[in-house]
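Next, two complexes with subunit A in common: one pairs it with subunit B, the other with subunit C.
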Partner chain A sequence: MSATTAGATPLRVQTRDQTRQRLVGLVQSRGAIVVLVVAMLAAGLAFPDFLRIGNLSDIAVAASFLGLVAIGQTLVVILGGFDLSVGSMVGLGTVLAAYAAPYGALAAIAAPVAAGLLVGLVDGLLIVKARMAPFIVTLAALLALKGLAVMLAGESLVIADPGLFGRIANGAWLGIGNLVVVLAVAYAIAAIVLNRTRYGAAVFAIGGNEEAARMLGVRVDRVKIATYCASGALAGLAGSLLAAHLSSGLSSAGTGYELQSIAAAVIGGVLLTGGVGTMLGALAGVLLLGVIENVINQIGSLSAAYQGLASGAFLLLAVVVQSGLTRSRAG
Partner chain B sequence: MTAPIDAPVDARIDSPVDARIDGRATRTPRSITRDDLRAWSVYIAFAALLAFDLAVTPGFRNPAVARSLLFEAAPLILIALGQSLAIGTRGIDLSVGSVMALSSSVIGLAVGAGQGLSIGLAIGAGLLCGILNGLLIALLRIAPLISSLALLVAARGLAQALLGGARVDLPFDGPLAAIGQLAPFGVPAVAIAALVVAGLFAFVVRRTLPGRYALFVGASRTASVLAGHPVRATLAFVYGLSGLLAGVAGVFATARLGAADANYIGVQFELDAIAAAVIGGTPLSGGKVSTLGTVFGVLLLVVLDASFIMNNVNANYAQILKAAFIVGALYLRRSAA
Partner chain C sequence: MLLETRGLTKSFGSVRALRDASFTLRAGEVHGLMGENGAGKSTLIKLLTGLNQPDGGEILLDGRPVSFDSPRTAQAAGVAAVYQEINLIPERSVADNLFLGREPRWFGLLVDRARMIADSRAILARYGLAIDPRAPLNTLGLGLQQLVSIARVVSLGARAVILDEPTSALSGAEVELLYSVVEQLRADGIGLIYVSHRLSECYRLCDRLTVLRDGAIVASDTTDALPRARLVSAMLGREQAASSTRKPRQAAADAPSQAPSQATSGDSSLGALHVEGLSWRHRVRDVSLDVARGEIVGLAGLLGSGRTETLKTIFGAEKPESGSVFVGGTRIGRPRPSESIRRGLAFLSEDRRSEGVFAQLSVAENLTASVLPRISRWGIVSRRRRDALVARYVRELGVKTASFDTPVTALSGGNQQKVLIARALCTDPEMVMLDDPTRGIDVGAKAEVHRVVRGLASEGLGVLVTSSELEEVVELSDRLVVLDEGRVTGGIDTEGRDADDVLALLAGPAATDGAPA
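Moving on, here comes the complex of A and B:
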C-alpha cells in the first residue's frame, strides 16, 4: 500500500490540493449520510408507507441491535483491528439474558454485558499479550461462543414472564420505540468518548500509527484491551435487549452481525486501515443497511436471500469508493 | 500485534523476509531445535491424534471411517491450498466457503441441462468469483480481507437467491453421483484428485514464475514492485486460482451430499481452510507456503472433528474444543509466523 501512494506534492498547487483534500475527506466521512437520505426519499416515493413514523421507528428498532454492535466494531476498526466474535456474542447474550431474566431486569442486562466484557478481555489479552492476529483470535471466539450458546440453550429458551425487562425493549414513547432512544443515547455517548476523551484520542493514535503512539507514551496495550472489552460488552448489551425484544434466548441470534457491523462501519466512512472514522458515519451505515432490509421486505416478492446480496454489494461499492477517495486524497 | 495482515510491508521491521517455500525454518546440524519441532508440529500432532484414535476411539479402525473422512477432506484440501497461496501473498480469501455454495447453486440450476455442463458452469462461476476478487484486490488495491468479506456475504446471498432457499436433489447416476461415491480400491476418487491438485500446486509454487512471484509479493510487495514483477497480474492469478479451486470444491461437496444446497454447502469452511493453512506452516505474514503442511493441516482438522463425534462429545462442546485447539495451535505457530 505504501509504494505508489507516497508521491511528493508540487508546491504551487498546495492550496487547491488542500481544498480538494478537505472535500474528499468530507465525502468520505459524511457521504453515507447523504446516501441514506437519498435512499430514504427514493423509498418514500416508491412506497407511500415507508416514510410513516411507525415504519421509520420499526426500522430503527430493528437496526438498534446491529447499531450497538457497530459502535464496538467501529472502535475496534479505528484501532486497526477486527472483532469477528460479536455476532456469536449477541447470540450468547440473548441466552444468558434468558437465564438471568427470572432474577429481574437488571440481572438480565448485567449478565450478558459482564460476559461480553470477559470475552473482550480474553480476546484483548490474546491479541496484546500473546501477539496473535485479531482476526484469528476473534474468529476462534466466534466458533467457541456459538458452541457455548447452543450448548446452554439448545435452539431457543423462552422467557416466561419478561415484565419490566420486556417493557424496556418493546415499550414506546410518542410512537418512538424505547430502543431508538437507547440507540441514539449510545451513539451520542460513543461520539463524545471517541472525540472528546483521552481514550478516544488514543484509539485514533493507535489506529494511525501504533509505533508512534507507543513512543508518544500512549498505553497501547491497555487501550486495545479496553476497546475489545467495550466491543464485547456492547455485543452483550445488544444480545440482552434482543432477548427482551424477542422474549427468548436464541442461540442463532446475531449470526452475521460480525460482517454486517464491519460493513456498516465501512459504508459509514471508517477506514479499514485504521485511524479514521466517525460514529455518525457508522450509524448512517447501520441505518442504511436497515433501510435496504425494510425495502426488500416491502417489495415482498424478493426473498430474504437478496438481503445478503444487497449488503455484500453495498459493502463492495463502499470499499471501492473509499479506496478511490483515499487514493485521490493522497494524490 | 506487530504485523497486521494488511499492513504495509515496510512496517514489519521485526520479521525477517523469508521467501523460502518449504516449512523448514533455520536448521542447525547438531540437534533438534525448537524451530524443527515447530516446523514438524502438524505432522507430529496428526500422528499423535491418529495413534490416539486408533487406540481409543471406538470404531475408528473401520476402513469405512477413513474413506468417509477422505471424502470430507477432499474439498477442504482444495480450498485450503488456494487459501495458503493467498496467505502466502500476505492476503487472505474469506470467500471460499460462499463460492462453494454458489458453485453448488449453479449445479442445482443447470443439472437439468446436463450434468457435465452443470459441473463446467459451477467451476466457471467459482473462477469468475475468484477473478472478480483478484481484480478488486489487484487493480483497486482493496484489502483482501475486505474484498473477500464482501464476496463472502454477496456470493452466499446470490447462491441462496438462485435456488430460492430450496434444496435440489441430484440424479442417482451419472458423473455427479460418480464424483460423490466413486472409490477405487477404497480410496475416494475425489481424494486422489485433491492430492494430484496438491502435487500440481506444489509444482506451481516451487517451480513456476507465477508461484515464485506470489511468494515474493508476500515477502515484500514494495520489493516486488521495485523489481518490476507483475504484482497485479500475480494477485489476480492467486485469487483466481483460489476461486477456481473453491468452485471445484463446491462440485465435490455437492456431489457428496447428493444435493445442491446453498444454505449448507461450505458454511464456515473459510475458517477451516485458514486454520489448516496456518497450522500447516503457512505464516499469516506471507512469503511462505507449505503445501504438504496444508494437506496435513486439513487431515488434522477432519480427524479432530471425527474424534469428537465418534467419542460422543457433544457437538457444541466439540466446537468449543476445536476453537481452543486452533487458537492453541496458532499460538504455538505465531513466533514462526
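Moving on, here comes the complex of A and C:
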C-alpha cells in the first residue's frame, strides 16, 4: 500500500552477472544429460545395434535397481549425508523377498520395503538423536546387513515359483520392460517431491545450511529421519525387484551399490557437500553408468575391468567440472 | 509499550551475563543497543528471541508477560532477530528463502511456485528492493542477503526486530540501502533494536540508545540527551571524574632514538613496518601507518573498529584489494602469510584456541612449528637443535613448564601465550604484530607479557599491538594509532597521557577538541 512512502525509492538492484550464474546453474543441473545423450549417439554410431529399443530397454532394466537406490542416495546427499547401508540392504532385500515370495507378490515386495524402512529409521535415529556421523552409522549397517543376509540365505535362495512376482520384474509392454516404467515413475515422483513439496524444500535447506534451517523453523531431525527411511525403503524395493528379476535371493546382490549410487548422483550434478542437486541429473548419472557397461559388453574383446576405469574417469570429470563451477559461482 | 523487559537476569555457570536489565522498545522506534564484547548484548538478544531462558525477571510483549522456549515461539509471537552472519540457505532462491517452511501450496500438497514468486516480489517491492525472487541467494551481495533476511522475518509477522551488527560487512551503497529499509520499517510501526559498534551510525538512525557493560544497563536515554563522550565512557566503564594513573615515562620509550641499526637490504627509512593505503572488504579502509625499529605502536579503537582485520590484512592472512606493506623497507610482493614471515613479519593471533596452539602437541612442538625446515636435516627434525632453540626461548621469555614435552594445554593461559610469542620470534622477525596478547590471562602473566613485549622493542624490533583494554594499550605503547570503522582517524603520543585522553579520541570527531597530531 505505501511502498513508495518513507523514502523507500525502488532501487534497481542488479544481481551480479546473472547470465553467467544462470549458465553455471544450467551446466550443473543439465550437464550430465548432455553427456548421456552424446555418449548414446557415439555408441549408436559405433554399434548399430546399440540404439535398438530392445537394447535401450535392456540397459534401463539393468540400471533400474541402482536407479531406485540412487533416488534415496540423492536425497541423502542433498541433505548433506551419506547412506552406505544401501548396498547390503539390496542384498538383504533380495533374500527377504525370496523368503516372502511363497506368500504372494505383495508380501515379496512389502517385506523388503518394510525392512528397509526399519533400517533407515534406526540409521536416522542414531544420526539425529545420538549425533553420530552418517558415514560411521551407515557403514556399520552395511557390514551388519550383509552378515544378516548371509545368515538368512547362505549364498542364495531360489524362488521356486515366482508367478506374478516374476512377471512384474520380467514382463514387458510394447517392448519396454516393466522395470523401465517403474524407474520412470519413481523418478517422476521423486522429482516432484524434491521440487514441489515442503519436505523437498527442507531437504535442500538442511543440506545448504543446517543451522540456519533450524533457526528458520525447519524440523531438521524429522526431515533427516524421514530421508534415511526413504533411502532404506527404496533400497529394499530395489532388492525385491532384483529378486523377482533373478528368481532368487542373493546375499551378495547389490554389493558396491552404495558407492555406485553416490557416483551416479555426483556425475548427475549433486554436490557431495549437500544443498544442490536434481533427480533428473541423478537419473542421467545412473543411465550413463549403464551405457558404459553396455558398450564395454558390446565391444566384447574388452574385459569388464574397463567398465570401472571408464566409470571412474566420468566421475572424476564430473567432479573436476563441478568444483570449477562452484568456484566460478563463488567468485 | 511493544516490548519490555523487567529485571532480566541470566547467568552462565558462575558468570553473570545479564543483571537486572530493564529495557523498553516502542513501536516505530529504533533503539540502539551498545556495549563492548561481553557486555551482555548477545545475552539480552538470546533471551528476547527464546534461544536462552532468563533466570529471573520477565519479558512483556504488548504489556503481557511472555516466555519463549525457542526462536520459533518468539517469531510466532512477533519477536525475531537478524544476525550479522546471514542465517539463510545460500544455494536456494530468494523466494525459497523467504517462504521456507510456509510455502503456499495447492490443496496442502504441492508448492505453488508461481504464487510464491509473485508474493516474494510484492514483499521485496515493499522495501524498495527490485531483486529477482528466482535468483539464488548467493548471487546477491551480502547487504542484499541481509535485507532478504529482514524481509523474511517481517513478512512472517515480526513486530519487534533485532538487527545484530547489520552494517559490519557492508559497502557504502549497501549501508544506504539498509538505512532506507530501516526507515520503511519505522514508518510501518515496527520496533527495531539496533545493535552496532558504529557510533556515527547509531547517532544517525536511533531514537534512543541503551548501553550495557558487564551485564548491566549503565546508560539509557534519547539519542539527543546522550552525547558521544558520555556514551563511550559508559561503554568502556570510565567515569570522567575517576582519575587514572598517568603514564610514567618508560625506558623503552627511549628506544626509537637509539634503535640498533640492523643491516637490511631494503630502504631503512621506511622503518620496521610501513603500510600504505591498505584496504580489505570495507573492514579495512585505506589504512596507512608506520612503525619504527624499537618502537611499540598501539592500535586503538572500539570493538568492530577493524583492529584485528587490519593486522590480518597487513600480515596477508586476508588478501588486500589495494595498498602495500613494507617490512624492514622491503615491499611484500604477494601478500600471504608465508611471504610475510619470510620477510621478517610475525603475527600473533588473538584467537589462541583456534588460530594459535596445536592442542595435541607438546610445548617444544608448538614452539618450533613454524621453523621446522631450519632445525631439520634431510627432512628429519634434529632433536638436539630443536631443544637448543626451545631452551633459549623458554629461558628468555620465562615460560613455566615442567618439561619441553609437556602438552601445551597443560600450561596456564599466560604461559601458552608466551609459547606462541616464542614461536613468532623463532622466525627471526624484524617486526612483530600482537593481537590482544593478554586476552584471557591473569594479572601476573599480563605483566610478564608486557615485560617480554618491551624487551622485544629494546632489542630493536618494531611492535604493533592491540588490546581489548584501553588502559593496557595506552600503558604499553609509545604511540597510538586510532581506528574507527576501518579507517585511521587519529594518532596520539602516549607519553604523559592516560586512557581518558584517548577516550576522547575514540569517541570520534564530534567529541574531540583539537586532537593532537
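Criterion: the second predicted complex is superposed on the first by the 315 of 331 C-alpha atoms of A that agree within 3 Å, B and C clash if a C-alpha of one lies under 4 Å from a C-alpha of the other, contacts with A are read in each partner's own complex, and residues count from 1 in each chain.
Keep this in mind: a contact is a pair of C-beta atoms (placed from the backbone, for glycine too) under 8 Å apart; a residue touches a chain by one contact, two chains touch by 3 or more.
This one's a predicted model, so the numbers in the text were calculated from it and none came from an experiment.
A simple residue count on subunit A separates subunit B from subunit C, and the partner touching more is B.
Touch criterion met: A:198 reaches subunit C, while subunit B stays clear of it. In the superposition on chain A, contact of A:208 is made with subunit C only, not with subunit B. Of the two partner chains, subunit B is the only one that A:272 touches; subunit C does not reach it.
By the document's definition of touching, of the two partners only subunit B reaches A:130; subunit C does not.
Within the superposed three-chain model, A:79 lies out of touch with both subunit B and subunit C [touch as defined at top]. When both complexes are overlaid on chain A, the residue A:25 reaches subunit C alone and has no touch with subunit B.
Shared-chain residue A:323: touches subunit B; no touch with subunit C.
Applying the stated contact rule after C-alpha superposition, one finds that A:309 touches subunit B and leaves subunit C untouched.
Of the two partner chains, subunit B is the only one that A:143 touches; subunit C does not reach it. Residues 2-3 of subunit A are contacted both by subunit B in one complex and by subunit C in the other. If you check the complex, the residues on subunit A that touch subunit C are 2-3, 5-13, 15-18, 21, 25, 192, 195-198, 200-202, 204-205, 208-209, 211-213, 215-218, 275-276, 329-330.
Considering their complex, residues 1-4, 80-82, 126-128, 130-137, 139-144, 146-148, 150-151, 210, 256, 259, 262-263, 266, 272-273, 303, 305-313, 315-316, 319-320, 323-324, 327 of subunit A touch subunit B.
Residues of subunit B touching subunit A in their complex: 1-2, 4-6, 8-10, 92, 136, 140-143, 145-147, 149-158, 160-161, 164-165, 221-222, 225-226, 262, 268, 271, 274, 278, 284, 314-320, 322-324, 326-327, 330-331, 334.
Partner subunit A is touched in their complex by these residues of subunit C: 71-72, 75, 86-92, 96, 100-101, 103, 105, 109-111, 113, 125-132, 135-136, 138-141, 144, 152, 177, 180-181, 183-184, 186-187.
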